[in-house]
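Scrolling down, you'll hit the structures one after another.
One chain, chain A, appears in both complexes that follow, with chain B as partner in the first and chain C in the second.
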Partner chain A sequence: MSLTLQNVSRVVDGETWISDVDLTLEPGSFNVLLGRTLSGKTTLMRLMAGLDRPTKGKVLMNGVDVTGVSVRERNISMVYQQFINYPNLTVYENIASPLRLAKLDKDTLDRRVRETAEMLGIESMLDRLPLELSGGQQQRTAMARALVKDAQVVLFDEPLVNLDYKLREGLRDELRNLFKARNCIAVYATTEPNEALALGGNTAVLHEGRLLQMGPTAQVYHKPRDIITAEMFSEPPINVVPGEVTENEVTFDQDVHFQLNNDLKMLQPGHYQFGVRASHIGLVPHSDDDLELPVKVDLAELSGSETFLHVRNPHFELVLHLSGVHEYEVDQEIKIYFPTHKLYAFDTQGSLVHSPARLVEA
Partner chain B sequence: MKSRIGLTIYLVLLILPIYWLVNMSFKTNQEILGALSFFPNNFTLDNYQRILTDPSWYSGYINSMTYVAMNMTISLLVALPAAYAFSRYKFVGDKHLFFWLLTNKMAPPAVFALPFFQLYSSIGLFDTHIAVALAHCLFNVALAVWILEGFMSGVPIEIDETAYIDGYKFWNFFLKIYIPLIRSGIGVTAFFLFMFSWIELLLARTLTATESQPIQAIMTRTAGASGIDWGLLSAAGVLTILPGIFVIYFVRNHVAKGFALGRT
Partner chain C sequence: MNKIESNKGWLFVLPVFIVVAFSAVIPLMTVVNYSVQDVFDANTRFFTGTEWYRTMLNDPQLQGALVRQFIFSFTILAIEVPLGILVALMMPKKGWQASLSLVLVSLPLLIPLNVVGTIWQIFTRTDIGLMGWGIRELGYAYNISRNSGDAWATIILMDVWHWTPLIALLCYSGLRAIPEAYYQAARIDRASRWAVFRYIQLPKLTNVLVIGVLIRFMDSFMIYAEPFVLTGGGPGSSTTFLSQALTAMAIGQFDLGPAAAFSIIYFLIILAVSFVFYTTIMHMQKDKTTQKTGDS
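What follows is the complex of A and B.
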């Protein structure tokens, strides 16, 4: 069972929400839709589900055109960002609902409901009403209902966003395991690059209704096709610094230049945009060819036990992703170390020209 | 403390006319017309007894309740699907139509009394319960749509979609899942329908003669030949406000939301 979208577009009130998306999802695959808010993740999922019809293009299930087929006749299930359950039915009846409508016999139904509930750790709450449960348990109920029927496509629309951090991590790992044994197409929408990396599988990067890149998650991460994809798939976004390559040197501005190393030798002279991941810039040198840069601190932003350090020099601004809590004064002058062998190079149009060679990371 | 005094005065002012009504209903006419008395000196149940035994009186209550019940049923049956459509679908002119519904409540019933009277007479509906029930739909359906739409919009549309994904047919979903979700909204709507239909006098009186005359019409009729029977009228008045009190008891927790037309 494969799901294919062919040149699918959706226009609502003259605004293009999805523009010319072509993509095929294979059976048994776990697919992450990565994109910011309003990038079209939900719209794309609704098109896959059949809740909305594409303005243009076709949706194929296993080669059969199902574009106009109503959601009732498609074998899909969906979990929303909000915790959506039938408030007037018990957890048991909530999970049983798709099976009851499929007219399963009583014993099979009971067995399947209990199995699924156990899988998601809510077997002790079957007699309660959804609103008597915690948020995590409510979402588990919704997931159980989505998983209890053998749907061909299971869609998760940012299902963990409304949960607290700890719960989110736990549920995410479970979710990944739940799908290992299944032969359905799982689609998972998220705004967080880290979540996409943690889930693995394939990632499709969406931006303003367009599909930027689709492929195995690690590959998309390490070889983003262009600057926007690289920006979407990193948190904080990858730093981009314009620079010029001459015979044997890279120049960022009058003051900052360094020798072309082995890695960058193949670059033709000309203008480029260089990308460097926020986590690759350090406060101490990591290797000999690190470039020392004096900068001024703009802002030290704490995120959990990590620090996003915003710095600038007269010509460009950078963000550093440091582990641990660091405190800096505004305008404090510090030195940072710029890894010249971990640079991405994009041409002036933004397409990837060079990505750093990947050593086996120690 | 100060606010409590203020509230007490307010409450007394509110309760006073009702108290006076109840007070009068237990008095004889002589006492009512005599000296001022705060409690009945000769406590009597005669007034109530007459109303509950005389068919020309109690039939008024039965008539009123009949057409009010009919009206509530019709209004809810029409308004539930209509409100659902307004709440869930976009269609050409939906906003205008929705507002137009409310404007139905802006015209005084007197405007409609004449056309209704002529229309119902010519098709033989005059002096029937259904005539009044249908006439009251004019403003009650609009009101019900407005209140229900508010309550319905409070239910996330994802619940509808989840039901379709699970495989529910529309009516199956609507009756089994959706209606129970807006139970309190339906209760509040029913209360408002009751209230407006129960107190409406003009259309109810115009469209009935002898067979289905509402209680309010009978009450006004009593101010007739031999002067006014104060005690009897007071007893009728008390009996008329009792159903309202009874109905409001069931929706007391949700009524405020109803006044906001279901919008919190």
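What follows is the complex of A and C.
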């Protein structure tokens, strides 16, 4: 039950929404579509579902061309950002609704509805109407409706954004477990890199309608193919600093340079863009070859018990991701330590030429 | 600690108080005042108590008008509500077609009531009116001033033409408020067109429909200008509804006392029916939410 998109494009009113996407989703896989708002996640899902027809390209299900087959003939289900349930049917009837058409006998239907409800922890609410439930329970009902019918493809279009953060984490963990035992293809769209990392499985990074990279989540994270992928797949975005490699040195500008280390030795002399993750820059040195940089503080942004510290020197700006709550004055002068062995190097076009060797390759 | 007391609050309430007093309370009380007196002239009047009320409730003419009024109101509701929903479902959703259909559908609503009556009066004339002449040509001896069946049918047709757009517009706005995702989810569920209507559109329309039915009921119960212009309440008194009967009594015969008593009764009927209707609908919705599915 694999799903394949072959060179799929979708053009609406002369605007390209999806451009030449090529991907294959394996049965039993959990796939995350990661991309910003308007990157084409929803459009791509609608194409997978058969709600829309691609302008160009083919959609294959188990190798069979289903491009023109309407959603009604396909066995898929979908969960939306809004909580979509039949408003005047009880939770029980809502969950049962996809089965009613399959003409199951009463006992089987009842058993499956109850099993699914139990899986999602809403078995005690079967007699209620959706609007009498909390947002989390409403979305659980919608998920139960999607899972009850054993669809070949289950699509989640940012299902958790309308829930508060505590509920979101709980439901996300459950979701991952729910799919472990199933042999269907799960597709999950999100804007948050952390959500993609938490869900694991495969990640496909979408940007402006193009598929930038697809692969096992950890691999995409550790070896992003280019700068945009790297920026999308970290929160806060990866820092990018232009620099030059000469025979034995890396130079960011006249004042900031360091010896080429073993890690970067293979780089040919020339201009590069160096990427460093916000969490890799520290306030204290972590190893001998860390580069000490005097900087001024722009802003210390608190997020929970973490601090995003925005700093600048005369030539570039950086963001540090620190754990714990740190307070700084604006323009305060501090020293930060730049990890010279944890650098990503991209060429001037933005393609990855080097990733830090210490990371285990997936 | 000194609590500062200020009566400034009254200043803010005062304007509303005055407006309501002059627009509702004082006129109503004047009517109540007339309804318990027998007025001969400006200086001669007697207190009569509830006598006018008893007379009015037993007046066969008014009882007749009341029955006709109920038949009329329920008939037009039974036609206009389903028809309005149907029109709303068929109206285009976007583009210039949507704007055009909105304008076309709302046109009848923009026409003054007595003009509606006049339009239909001319429309149904058998010598120069398209409809009257057309029906005659088809071989039916159509005559609204002789045949009370014809008069009734024409009045109902006129009201349906005039007011179905209101229901349609309300439903149209209700339908537009349903997120696209519901329809998508229904398609994925392979739901039929009927199921989409029954389980998504109709439940989402309940609220606007309650408002629509209430407005149409109250309005139709007070209908005056259109039948007055079209049939003058005839033939005989077969299309004389409550407000026309009332006007004839108050202005035509200048029976202020009985007319006032009748106004009060009229007002109470509308109030009572609207209240019963509203609470019933609200209860139905509540029942639905507490209803249990039978375990099977």
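Methods note: the second predicted complex is superposed on the first by the 358 of 362 C-alpha atoms of A that agree within 3 Å, B and C clash if a C-alpha of one lies under 4 Å from a C-alpha of the other, contacts with A are read in each partner's own complex, and residues count from 1 in each chain.
The definition used in the following text is that contacts are C-beta pairs under 8 Å (C-beta built on N, C-alpha and C of every residue); 3 or more make two chains touch, one makes a residue touch a chain.
Everything numeric in this text was worked out from a predicted model, so none of it was measured.
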item	value
Clash or fit, chain B versus chain C on superposed chain A	clash
Which of chain B and chain C A:42 touches, first, second, both or neither	neither
Chain A residues touched - chain C or chain B, whichever exceeds	C
Partner chain(s) touched by A:97 [first = chain B, second = chain C, both, neither]	both
Touched partner set for A:71, first chain B, second chain C, both or neither	both
Chain B versus chain C as contact partner of A:234, first or second or both or neither	neither
Touched partner set for A:106, first chain B, second chain C, both or neither	second
Which of chain B and chain C A:190 touches, first, second, both or neither	neither
Chain B versus chain C as contact partner of A:82, first or second or both or neither	both
First (chain B), second (chain C), both or neither touched by A:273	neither
First (chain B), second (chain C), both or neither touched by A:132	second
Chain B/chain C common contact set on chain A	49, 51, 71-72, 76-78, 80, 82, 84, 86-89, 97-98, 101, 145
Contacting residues of chain C [partner chain A, same complex]	179, 181-182, 184-185, 187-191, 199-200, 203-204, 288-289, 291-293, 295-296
Chain B contact footprint on chain A (complex, rising order)	49, 51, 70-72, 76-78, 80, 82, 84-89, 97-98, 101-102, 142, 145
For the chain A and chain C complex, residues of the former touching the latter	49, 51, 71-72, 76-78, 80-82, 84, 86-90, 92-93, 97-98, 101, 106, 110, 126-127, 129, 131-132, 145
Chain B to chain A touching residues, read off their complex	156, 158-159, 161-169, 177, 180-181
